[in-house]
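Across the two complexes that follow, subunit A remains constant while its partner is subunit B and subsequently subunit C.
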Partner chain A sequence: MDRFVRRALPTSVAIGTGILVLLGYLFPHTVLASVRDELIHWGVIIAAFAFILGFFNLLRVHLARARTSGGIYSLFLILAALASLGLTLAALLLPPLRFWGDWWFRSIIAPLQATVMGLVAFVLAVAAVRLLRHRRQWEALVFLVAVLVVLMGTLPLPLPFSGWLEELRHWWIQVPAMAGMRGLLIGVGLGALVVGLRILVGADRPYTD
Partner chain B sequence: MTVDLLGLMVGTLLTLMVLSYIIGDNPFYRLALHLFIGTTVGYGLAVTVVTVLVQTVFPALQSNPDEQARTVFPLVLGLLLLFKGFPRWAGWGNLSTAFLVGVGSAVAVSGALLGTILPQSAAVGAPGPWSILLFVGTVGTLLAFTFTVPRRPAIQRLWNWTLGLWGRVGRLFLLAALGAAFATALISSLTVLVGRVYAVVMGLQQLLPLVR
Partner chain C sequence: MIYCPKCGTVNRQGSRFCNECGAPLPATGIRCPACGATNPAGNVYCDRCHTRLVPAEPPPQEERPAERPSPIRGISLPSISPTREAAEIPEWLAELSPAAPTAPEAPTQAEIPEWLAELSPTAPTAPEAPTQAEIPEWLAELSPAAPPGGPSKPEVPPIFPVAPEPIQPLEKPASSAEEIPEWLKDLEPSPLPSEGLSVPVPPVMAEATSAPSPPPPAVVPPLILEETEIPAPSEAEIPDWLREAEKEPAAPPIEAGGLVPAEIPEWLRALQPRAEMPAEVEPVETEGFLAGLRGLLPVARGLDKVSTAGPSLPVAPSPAAVARAELLQSLLSRPLVLPHAEAREAVRREGWMLTRLLVGLVLLVAIVAPMLVQWRLFGPPLIPTADNLFALVEGIAPQTPVLVAWEYGPAEAEEMDRVAGPLMDHLLRRQARLVIVSTRMEGPATAEALLTSRLADTQERLRRVANLGYIPGQATGVREAIGNLDGRTEWGSGAPAEQIEAMAGVQSVADVGMVVILAAQPEDLRVWVEQVSATRPDVPIVAGISARAEPLMGPYLAAGQIQGALSGLTGGAAYEQRLDTGRGREYEYYLNSLGLALWAVAALTVLGALISLLGGRKR
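The block that comes next holds the complex of A and B.
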């Protein structure tokens, strides 16, 4: 019984639902499409519970870490998570408290997210400098040329040949970069296809203990 | 002090704490990063709970019997998933995980096949002024990831050599694509960074007179 619940039943569910959803995509004008939509709707509801589980797991991990030396950061993380959850829930469910939810988003979440995103510029610049310092090969040169072509063609520089740079950037993105990106996309797609098919035929079972 | 002014102070302070990473890893940056993770996760959970549970599941449970029947099954699976939080009972969550993995892999397979591989492969053969270069670049990029060559008779070594050369040309196209993606990401993040620096300057302009 235990083995059935732990292994056989989950494998049957994964293969069955997976094949039904896949058939729904391959034959979209049949009853299978509505079955697919229903199963995906169920998946969204279950994924919400996965988010809840992940949230409490994060709290549990950081609660354990907060008791150790140097756990002050974890304590702040827990407080921030609970405050963010409470204020956002209150703002979404109770209209009189909407102001405080908006204030929290505008004053805390938005500045933090935007600045962390902005910090990526600094990290990318440092990575480019390190690349040129440690890997002085022709490949690094091609990479640098690609970066410069796109950067110079995008920025509104007051140069006499800026129109030509813009055309070069347009061609670069439409032809060589497009060819490289298309090859990458097809490669990633083939990889995803193989991984997905292995799960759908039961060769990989990441859901069993 | 008004609430808006307090928000301006907190936002400016958090921005400076994150930007302090430019001078190296430090406690202020680490604190800001932990606050970033906490607030983002809390906000994400609140939006998920309201969108899925409050606005979809609870109304369906109070609706007609058909809607109730449609909602009870995923609700039970969702509740079973919570058993994963307790190591002793984690096995009961396997069914829900299997459901998610099954649906997720089917969506991934169909997305990869119908949304990426077929349209991109069709676009490779589309006629145009640079179609040959696009074909050479796309196939070359795929060949650039060929790291093993089977032992073949002498006549087929020429074929292997040709494919190897094509793959090396493909690396150029790959670098062209990665360089373009790098530059685009740099421009996007720089735009956001300029916006934050501007917000800090404006914030300090409003806050400094109050200090004096």
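The block that comes next holds the complex of A and C.
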């Protein structure tokens, strides 16, 4: 019974649902299309509930970590998460409190996220400066040259140098970069196809433990 | 089959222990005294080591053939059982053999073995022959029968060391001398050169044989003579080892009462039946599941005794020894730090800090400097895709619903707001109705923040914009949003989407005139392009993306799936320049800061690479 609940039942549901959605795309019949759309709608609802479960799991993990030494950051995370949840719910339920919800977003969340992104840019800049200091290889040299070319092509050019650098940038993006991106897209497509088929036949069961 | 005496289980023949209860089974086979292997009953030789299991039985006296002659007493010769000899003697040879010996005389004492009784009258060293009870059974079986005629001098079984004796000269059988063929006569041994030649026999040569004494010459078969007769060696032919053995002291005489156990060689002791071994050699287990088994665990004497003596130092350590021990302990407890490694680590730390400080300072100056001095360092780039996008938006009819995928958050807002801003301004200028969805949680709030700055009037915003909020499920959510737009609620007011004026006539993506993708992540761009182009390929798709996602946009742009796009701050600046909404100064500042920072990073990267190439590699 336990094996049936843990393995057989989720696998049957996943395979059956996948086949129904696939049939809805392959045969544009009215009934099949409606079943497909309904299952997709269910999928969105289930994803929303999964997000709620993830939120509470995050709280549980950091509650356990907050009791240990050095758990002050987990405590801050729990407080910030609860404050965001409370202010958002208050803004939705009580319109007069909407101001505080917007203020929380504009004054706390947005600056913090922008700062973290700026730190990422700073770290990348430092890493670029010290690139050849740790990896003196021809691959690193090629990578460094590519970074410089794309960088100089992306940034606004001073007017005296905008001619040949712009042509070099355009060639670089249209030929090597696009070739690499096409290869990546083909690989992503094939990978998605294979993963979908494996889940459809039950070879991969990411929904079971 | 062997029945277990404890539980009655039937066990396989030859089993030593019961398969059911583990009890030792009675031995039904013959246990080899040499290797301990159990042999089936009836085996004469051990299957494993080929040791003889059954002592050689002498043939009956009346049927006993002539004993094998032993010209040199005590020397081991190939043993052939008498019955086998008789069977192997060909018929023609049997005819040549002398008549069977006469039966020996009856023993005078019933308790004395026959062979020993015959020896007793003339044995000078054995005044009293051992009785039958004093001689072990296995030894009695090994004891040879007395020759028919009886020895002429005292005999001892040759299995024991005997004193050197003079070699008995071989006598030619007189009765059959004429019947021996010529070829056999040639094989006859020559008479010994001297009768008194004495060949000492070492004790080690006194191997157990069934020929204790030389038989009468008349009963020696010629064929046996051929095998056993050894001419007496001359003095020069005697090997050294034999001479040394001759010098060894003679074996002690056999005392009254029989054999001397101490003189039995080791190999002969091994042949003794195990029943005669002392019981204490192999103790019997008395406890546990091994109870009743013998000889499983070796005896460790003294282990069961508890020593009462406690550990004690012979002498107290001297103060000098204590001081040395404390010094050693302090040295061992001190962390091992190599001076060169410590210095190298300090230099590395200083270099790392210096690099970070330098980069941070340069970036700070590059970002803040355009605020202080309002220079125009960089002109807006020429981006053809932005021109295509501008033309597409310009062709939208008023009140056309436009689906906007708002796929960026506050982290990317500083860049993406500069991209999405002019595009939204242009759409609002064209009186388009904006239907906004997002698969990122921060997307609706970010959109609301930007649109609030463009449409301050709430009523006007509700007429022009429908923010349908966050749709979970990523790719599934995109598919859901494309097919079900009117079933949602407005993010700000919570009103149903179908009651919002901006959503009039819009149920799915098929009802919109354009799809605008505002994506900071390449993955979001890919999902939206693939889902929308697969569902409604007739709906034009345009994109405003970050500089990071620009490489991924190339294939879609070249394939025509994206018909117009602008990327990054430079694209936004180019679009703003075309649109001219009055925010040019803002873009000029951003362009200067971005341009200076990027140029500074490029210069630092080149500088760092040159320093690394010209300098030594840091390990």
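What we mean here is this: the second predicted complex is superposed on the first by the 195 of 209 C-alpha atoms of A that agree within 3 Å, B and C clash if a C-alpha of one lies under 4 Å from a C-alpha of the other, contacts with A are read in each partner's own complex, and residues count from 1 in each chain.
By our rule, contacts are C-beta pairs under 8 Å (C-beta built on N, C-alpha and C of every residue); 3 or more make two chains touch, one makes a residue touch a chain.
Remember, it's a predicted structure, so these values are computed and weren't measured experimentally.
Asks: If we overlay the two complexes on their shared chain A, which of subunit B and subunit C does A:Ala80 touch? Say first, second, both or neither.
Replies: A:Ala80: touches subunit B, not subunit C.
Asks: Would you sort A:Val195 into first (subunit B), second (subunit C), both or neither based on which partner it touches?
Replies: first
Asks: Looking at the overlay, what does A:Phe55 touch: subunit B (first), subunit C (second), both, or neither?
Replies: In the superposed model, A:Phe55 contacts subunit B only, not subunit C.
Asks: Which one hits more subunit A residues, subunit B or subunit C?
Replies: On the superposition, B touches more of the residues of subunit A.
Asks: Considering only the touch criterion stated at the top, classify A:Arg130 as touching first (subunit B), second (subunit C), both, or neither.
Replies: Only subunit C is touched by A:Arg130; subunit B is not.
Asks: Between subunit B (first) and subunit C (second), which does A:Tyr207 come into contact with in this model arrangement: first, second, both, or neither?
Replies: After superposing on A, A:Tyr207 lies in contact with subunit B but is clear of subunit C.
Asks: Tell me which partner A:Glu166 touches in the superposition: subunit B (first), subunit C (second), both or neither.
Replies: A:Glu166 sits against subunit C, while subunit B stays out of touch.
Asks: Taking the superposition on A as described, I'd like to know which of subunit B and subunit C A:Gly16 touches: first, second, both or neither.
Replies: Touch status of A:Gly16: first partner only.
Asks: Mind working out whether A:Leu119 is in touch with subunit B, subunit C, both or neither, as first, second, both or neither?
Replies: A:Leu119: touches subunit B, not subunit C.
Asks: Once the two structures are superposed, pull the subunit A residues common to the subunit B and subunit C interfaces.
Replies: Shared contact residues on subunit A: 40-41, 43-44, 47-48, 50-51, 92, 105-106, 109-114, 116-117, 122, 125, 128, 144, 147-148, 151, 154-155, 173-174, 177-178, 180-182, 184-185, 188.
Asks: What part of subunit A is in contact with subunit C in the complex they form?
Replies: It is residues 37, 40-41, 43-44, 47-48, 50-51, 92, 102, 105-106, 109-114, 116-117, 122, 125-126, 128-134, 136, 141, 144, 147-148, 151-152, 154-159, 162, 166, 173-174, 177-178, 180-182, 184-185, 188 of subunit A that touch subunit C.
Asks: Show me the residue ranges of subunit A that touch subunit B in the complex, using the header's touch definition.
Replies: 2, 5-7, 9-11, 13-22, 25-26, 38-53, 55-58, 60, 72-74, 76-86, 88-89, 92-93, 103-122, 124-125, 128, 139, 142-151, 154-155, 172-190, 192-193, 195-197, 199-200, 206-209
Asks: What residues of subunit C sit close enough to touch subunit A in their complex?
Replies: For subunit C paired with subunit A, touching residues are 355-356, 359-360, 363, 377-382, 409-414, 442, 445-446, 448-449, 471-474, 476-477, 479-480, 483-484, 494, 526, 547, 550-552, 554-555, 558, 568, 570, 573, 591, 594-595, 598-599, 601-602, 604-609, 611-613, 617-618.
Asks: Spell out the part of subunit B that touches subunit A in their complex, as residue ranges.
Replies: 3, 6-8, 10-12, 14-15, 18-19, 21-22, 30-50, 52-54, 56-57, 70-71, 73-75, 77-79, 81-82, 84-85, 90-92, 94-114, 116-117, 120-121, 123-124, 130, 133-142, 144-145, 170-190, 192-197, 199
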